[in-house]
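The structure under discussion is supplied below as C-alpha cells; questions concerning it will follow.
Lettered A, B, C and D in written order, each chain numbered from 1.
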Amino acid sequence: MNSVKRKKLIDNLFTYGLVVFCWIAVQALSATGHMTNQINGLLVPICMYVILAVSLNLTVGISGELSLGHAGFMCVGAFSGSFFTKLMAEAIPSLQARFIIALVIGALTAAFFGVIIGIPVLRLRGDYLAIVTLAFGEIIKNVMNVIYVGVDNGMLRIAMEKKANLNLSENGRVIIEGAMGITKTPKASTFTIGIVLVLITLFIVQNLINSRTGRAIMAIRDNRIAAESVGLNITKYKLLAFSVSASLAGMAGVLYSHNLASLAAEKFDYNMSILILVYVVLGGIGNIRGSIISAIVLTLLPELLRGMNNYRMLIYAIVLIIMMIANSAPSAIAARERLLEKFQRKNTKEAA
Amino acid sequence: MKKLIGLSMAAVLAASLTACGGSNTAETTAATTDAAVAQEENEDGTGESAEEAPSGETFKIGMIGPLTGDAATYGLGVRNAVELAIKEVNEAGGMNGYQVEYKPEDDEHDPEKAINAYNALKDWNMQILIGAVTSKPCIAVSAESAADNLFQITPSGSAVECIAEPNVFRVCFSDPDQGKASAQYIAENKLATKIGVIYDSSTEYSTGILESFRPEAEAQGLEIVAEEAFTANNATDFSVQIDNCKEAGAELLFMPFYYTEASTVLKQCADKEFAPIFFGVDGMDGILSVKNFDTSLAEGVMLLTPFSADEAGSQAFVEAYKAAYSDTPNQFAADAYDAVYAVKAAIEQGNITPDMSVSDICEAMKVAMTEITIDGLTGSQMTWTEAGEPNKEPKAAKIENGAYVMQ
Amino acid sequence: MSFLSCLISGISLGSIYAIIALGYTMVYGIAKMLNFAHGDIIMVGAFAAYTIVSTLGMPPILGVIVAVAVCTLLGVTVERIAYKPLRGASSLAVLITAIGVSYLLQNLALLIFSANPQKFQSVVNLPALKLAGGELSVSAVTIITVVTCLVVMFCLTSFINKTKKGQAMLAVSEDRGAATLMGINVNGTIALTFAIGSALAAIAGVLYCSAYDTLTPYIGSMPGIKAFTAAVFGGIGSIPGAFIGGIILGIIEQLAKKYISSQLADAIVFAVLIIVLLVRPSGILGKKTNEKV
Amino acid sequence: MNILEVNRLSIAFGGLKAVDNFNIEIKKGQLYGLIGPNGAGKTTVFNLLTGVYKPDAGIIMLDGVNVAGKRTISICQAGIARTFQNIRLFTEMSVLDNVKVGLHNHHRYGIATGLFRLPGYFRAEKEMDERAMELLKVFDMEQYFDYKAANLPYGQQRKLEIARALATEPKLLLLDEPAAGMNPNETTELMEMIRFVRDTFDMTILLIEHDMKLVSGICEALTVLNFGQVLCQGETAEVLNDPEVIKAYLGE
C-alpha cells in the first residue's frame, strides 16, 4: 500500500516539477538571450490558461459537473481585482502589495459568486447545468457591460446604463466605465508570479483531491445516490468544489487584468468558457497534468501558426478535430492499444 | 499516457506547421511537454539582442488589427490600405529614401491577442507600428509600446485612452469629439429638435460617442426623446428600438455605430415606414459599399465623416484599392492610408533613418509629427497636437443618389 | 398597438429560434450530443442561398432548394467524418469535436466569402400586411417565417409518429442498445437525423437572413446559442418543447427590450431561462427523469 | 432488545399503495430476511428506511430514536447502512478509497487540515487506511485495494459494497439482494461471509433476497411482503411453510 501512496506522491511531485522546470527553462533561455518577445509575452497568458484549465478540471473532471460559465468567474475576479488596484492607487503606493491583495480579493469575489450561483444551479444536472452556467456567464458579461462605477470624495458611486447617472462631482473619477471596462490597470503580472499562482492552484487542487473532501467530491460524481447513503452532504461538497474552482478562476482573472491595459467584459463570453473546456477535455477529464499540458500546447499553437495568416484558425480547427478523434474515438483507442501491444511484444522478444 | 501521445502529436504538428509557415526556421522538434522550449531553441539570432540591431536598410512597419473574427472587416480594410500605400511609397522611392517592409498581424479584436501580435512584430524587428485598429486592443498595445518607446499611430482607435501614452498618435477623431461635433452640427443646421438614439451598449465606441453627445445636445437645446440600446448578442432585430423611437416622435435618429448594423437598422426602419433624418458618425461610412446593399435605403442619410470614397480627391486611392482588392475602401482604409503618409512625412521631416534605434526613431517621430501638415484622404491640412490628436474638421456628408455628397 | 407589434416581432424572432431549436433538439434526442456546430450550418445554408440568388442571379426558390441540399449533405458528411468515430466516447469529447467543426466551418467561410458583411436579398418579395388601418404592419417575411415554422413542426411531428423511419428515431432516442437488438439501423437513423436537422438549419438560415439581411461567416453562432437555450427551455429532446421554447424566448427577448431595458435584454432572457429551469429542472415540456434507486 | 421497530409504515405513489401498514421488529444481532415476489415493495421499504423516500405515515424507531422522514444523511449517521440491488460503487475510485468514503463521517478533519497537510491529516489518513484495510481483509479483498472499483469482478463488487456500508459503522445493515447474479459457489461463500460479518461486528442485518437457499440457510426470521403488505412474519422455518406464503410465491 505504501508503494501506491509513494507512486501518487511522486506523480504529484512530478506535476509540480514540470511547472518548476518550465520556469527554470524559461529563465535559462532568457538569461542566454534565446527568448523571443512573442514567447515572452505568452508566458503570463499561459500561466493564466493553465490555472483556468486546472480549476475547471476540478468542476468538470473531479466534481463531474459540466460548466460553461467559467469565464464569468474569471470576469468577476478580473474586474474586482483591477477595481481594487485602481481604487487604492494612492492609499497603497506599492503596486506589488496592491496586486497581491487584488489577487485575494478577486479570488474571494469569484468564490462568493460561485456560492450564490452554485446554490440554486447545482441541483440541475448534465446539459441543463451546462446551459444555466452558460446563462450566468452571459448575464455577468451583459451586466458588466452597462455598469459604471466611480469614486469621488471617498464615496463609491455605482450606476447603470450611463455615466451621467453616476452624478460624480468635479474631482471624481470613473473606474469601471461600461463597455469600455477598466483601462490602464498597471501591469503587475509577471511570469514568476504566474508560476507561483500555478503552483498554488496545483497545491490546492491536488491536495483537495487527495483528501477526505476530495474523495467525497469524487464519490458524489461517481454515484450520487450511493454517496448519500454513506452519509455525504451532496450540496456541501458540490458547492465546495464549484466555489473553489470559481475562486481559482477569479485569481486567473486578476492575473489577466494586471497583464493588459484594457479590460472589458466582452472578452469573457461563452467562447472563452468553451476554450477552457477544450483544454480540459483534450488534456483528459480529471487529469490535472493533462490540463496543464494541453493549455500550454493549445495556447502556443495558434500563436506559432501566425505565419500561416488566414489559414491559422482553419488549421487549429482541423488539429482540434483530429486530436479529439485520435484521443477519444473507441476505434482509435483500440488501434493504439494494438500498436502498443505489438510494440511491447517486439521489445520482449528482443530482450529475450 | 494515452493523452500524452495525443498531445505530443499536436506538438509535432504545431512545430512542423510553423516550420513550413516560414516565419520561423523551426526544426520539427517534438517536445511533448513544452513546445515553447522547442520553439525557443530554434530562434537563434532573433532574440532581444537582435532587436537593437536592425538591418539598417529598410524601415520595418508593423500593423495590428482584426483580420479574422467579428471585426475583421475593419482590420482587413486597414491592412489592405496600408499595404497599398506602402507599395506606392516604395515605388516612389520609399520613405526618406529607404524602402519600407511591412507586416500585418491579426488580433481578432482581442486585447490579449493584440499583445501577442505586438510581440510577434517585435521579433520581426518592427520599428513603427500602425495600429491597433480597434480601441481596446489599441489601449492594451499602447501600454506595451510606451514601455518600449516604439512609435505607434492608430488609424482608427477612437477611444480617448488610445493615445494617452506620449508615443501614440491617431488619424481618426476621438469618440467624444464625434459626439460633440454631431450634436453641434445637428443644432447649428437646425436639422431637428427631437432626437432618438439607437446605440450599441456593448461597444465602447458607441457608448463613448453617446456619452459626449448627450450633454452637448442638452446644451444646444436638443431633446433626446428615446435612447434605445442593442448589444452584439442581439444586433439583428431592431424592431422594438425602432418602434420606441417612432412612438416617441423622434425627428432625427442618431446612430453612433458601424455601418454593418446600420444597414440592417435602415432596412428595418424602411419596413416599418419610419423615415426620420438618419444621422450617423464615421462608423456609418462604408455603408454604400456593403455588398448587395440596397443603397436607396440609405438615401438622405447624413453622417459626419472625414472621408468619402466618392470625393474627387480620393478617386485615385479608391480606384487603386478596388483594383487590388476588388472591394470599395471604407473609412478605416482611408485612415490607414493617411497614417502611412503621415509616417512618411514625419520620417522625412525628422530625417529619420532605419539604422536608428527604435527609441530614437520614436523620439524623433514624436517631434516630427507635430511639425508636419499633410493633405490626406480624411482631411486637408491635417496637423497633429503633441498629445497625438489630429486637427481636422469633421465634414458632414449626405447620401444622395447612392453617393456621398459633402455638405 | 405597440404591444401587439412588439409581440409580433417576438413571434417572428421566436419562430426562427424555434426552427433552429427543432434541429438542435432532434440531434440531441437521437445522437445525445450537443451539436455546437449547428449554428454554423445555418450560416452555410445562408451563404449557399446567397450564392445562388445574389451572385448567380437565380430565382429565390432555387436558392432555398440548393441551401437545403448543401446543408443536408454537409450535415451528413460532418456526422460521418467527425462524430461517428466518436460514438461510444464521452459526450464531452463529442461536444469539443463539434466546437472544432464550428471553428472549421467559420474559418472556411471566412476564406471563401471574406469577413465583409454582405447584404442578403430576402427570398420573400411580397408587400407587408397592413392591419388596423395601417397602424400595424406585419412584414411578409414574418408571416412566411411563422407559417414555415408551423409547417415544419407539423411535418416533423407526423413524420416521427406516422412513419417507420420516425418510429425508428424514437426507438433510438429511447434506448440505443434495445433499438439495435430490434434490428433498427442505428447509424442510418442517426445520419437521417443529422440530414433532417441540417435541412432545417438551412431553412432557418435563409429565413434568418431574409429577416435580418446581414450575412457574415459568424452570423450562425448567436442564433445557435439562443436556439440551444430555447431547446433547453422547452425541454431538450422534446419537439413541441423546442417549438414552444423558441417562440417564448423570442417574445421574452422583445418584451424585455421594450418594457424593461434594451441594454439588459440578454441578461433578462437568460435570467428567465434560469428561473424556469429552477422551477422545472427539465424545461417546460421535458421528461422528468428520476433515477431509480 | 429491538434495534429496529417499524410501525404502520406507508407510502403511496400516485394512488398506488406501494407499502401499506408495514411493521417489523428486529432484535439486536438478528439476521432478518425480507422476501416477497417481484414488485412486492421490498426495495421501497429499504428506500423508506434509508430516507430516499419520505413515508406518508408510520414510525421507524432505530435504537429508540424515530428516524422516519429524516434525510438520508441523518439516517446514515443514526446508524442504517445499505447496499443496492444494482451495485452502486464509486466506479472511478480505487477499492480502498471506496471504503474510505464510507469512513468519511468517522474520521474527520477540516478542509484546511487537508489542504495544508497539517499533522491531523496524516494521523487521520493513517487511521483510515488501517481501518479500511481491516475491512477489506474481512472480505478477503486486501490484495485488490488499488484496483479501480469498476474493474473488479462482479462478486467482488458486491462484497466491496458491503464493506463500504460497514465502514459507516451502522447499527443496522440493509442488504438488497446480495446474492443476485452469483453462482452457487459464490452464494455459499457469501452466506458464510454474512454470518461472519454478523458475528465479528455484532451486526444486525436485514436482507432482501430471492435465493431461497440463502434465505433459509442464514435468516433467523422472515417477513414476507406481498402487494406492499405484510403477508406473514415469524421464524424462518414457520414462515416458509405457511400456505399463504407458498401460494404467493407459486401462484394459485
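To be clear about the criterion, a contact is a pair of C-beta atoms (placed from the backbone, for glycine too) under 8 Å apart; a residue touches a chain by one contact, two chains touch by 3 or more.
In this text, all values refer to a predicted model and were calculated from it rather than measured experimentally.
Among the remaining chains, D is positioned farthest from chain A, on the basis of C-alpha centroids. The chain pair with more C-beta contacts between its two chains, of A-C and A-D, is A-C. Averaged C-alpha coordinates give centres for chain A and chain C that are 31 Å from one another. Measuring from the averaged C-alpha position of chain A to that of chain D gives a distance of 42 Å.
Per-chain CA centroids place chain B at a distance of 35 Å from chain C. With centres taken as mean Cα positions, chain D sits 49 Å from chain C. Residue positions of chain C touching 2 or more other chains, listed in rising order: 107, 110, 261, 263, 266, 293.
Within chain B, contacts with two or more other chains are made by residues 67-68, 201, 229, 231, 233.
In chain D, the positions touching at least two other chains are 52, 84.
Per the touch definition, chain C reaches chain B in the complex via residues 2, 5-6, 9, 13, 54, 107, 110, 114-121, 128, 137, 139, 208, 211-214, 216, 218, 222-223, 253-254, 257-258, 261-263, 265-266.
Remark: chain B residues 2-7, 9-11, 13-15, 17-18, 21-24, 26, 32-37, 39-41, 43-44, 46-49, 51, 67-68, 105-106, 110-112, 115-120, 122-123, 135-137, 139-140, 142-144, 147, 159, 161, 164, 201-204, 206-208, 210-211, 214-215, 229, 231-233 touch chain A in the complex. Of all residues in chain B, those touching chain C in their complex are 67-70, 72-73, 76, 201, 228-231, 233-234, 236-237, 239-241, 243-244, 247, 260-261, 263-264, 267, 271-273, 290-294, 327. Of all the residues in chain D, the ones that touch chain A in their complex are 50, 52, 72-73, 76-77, 81-82, 84, 88-93, 96-98, 100-102, 104-105, 107-109, 111, 114-117, 121, 124-125, 128-129, 133, 145-146, 164-165, 167-168.
By the touch criterion stated above, chain A contacts chain C in their complex at residues 60, 66, 120-121, 123-125, 127-128, 130-132, 134-136, 138-139, 142-143, 145-146, 160-161, 224-225, 270, 274, 277-278, 281-282, 285, 310-311, 313-314, 316-318, 320-321, 324-325, 327-332.
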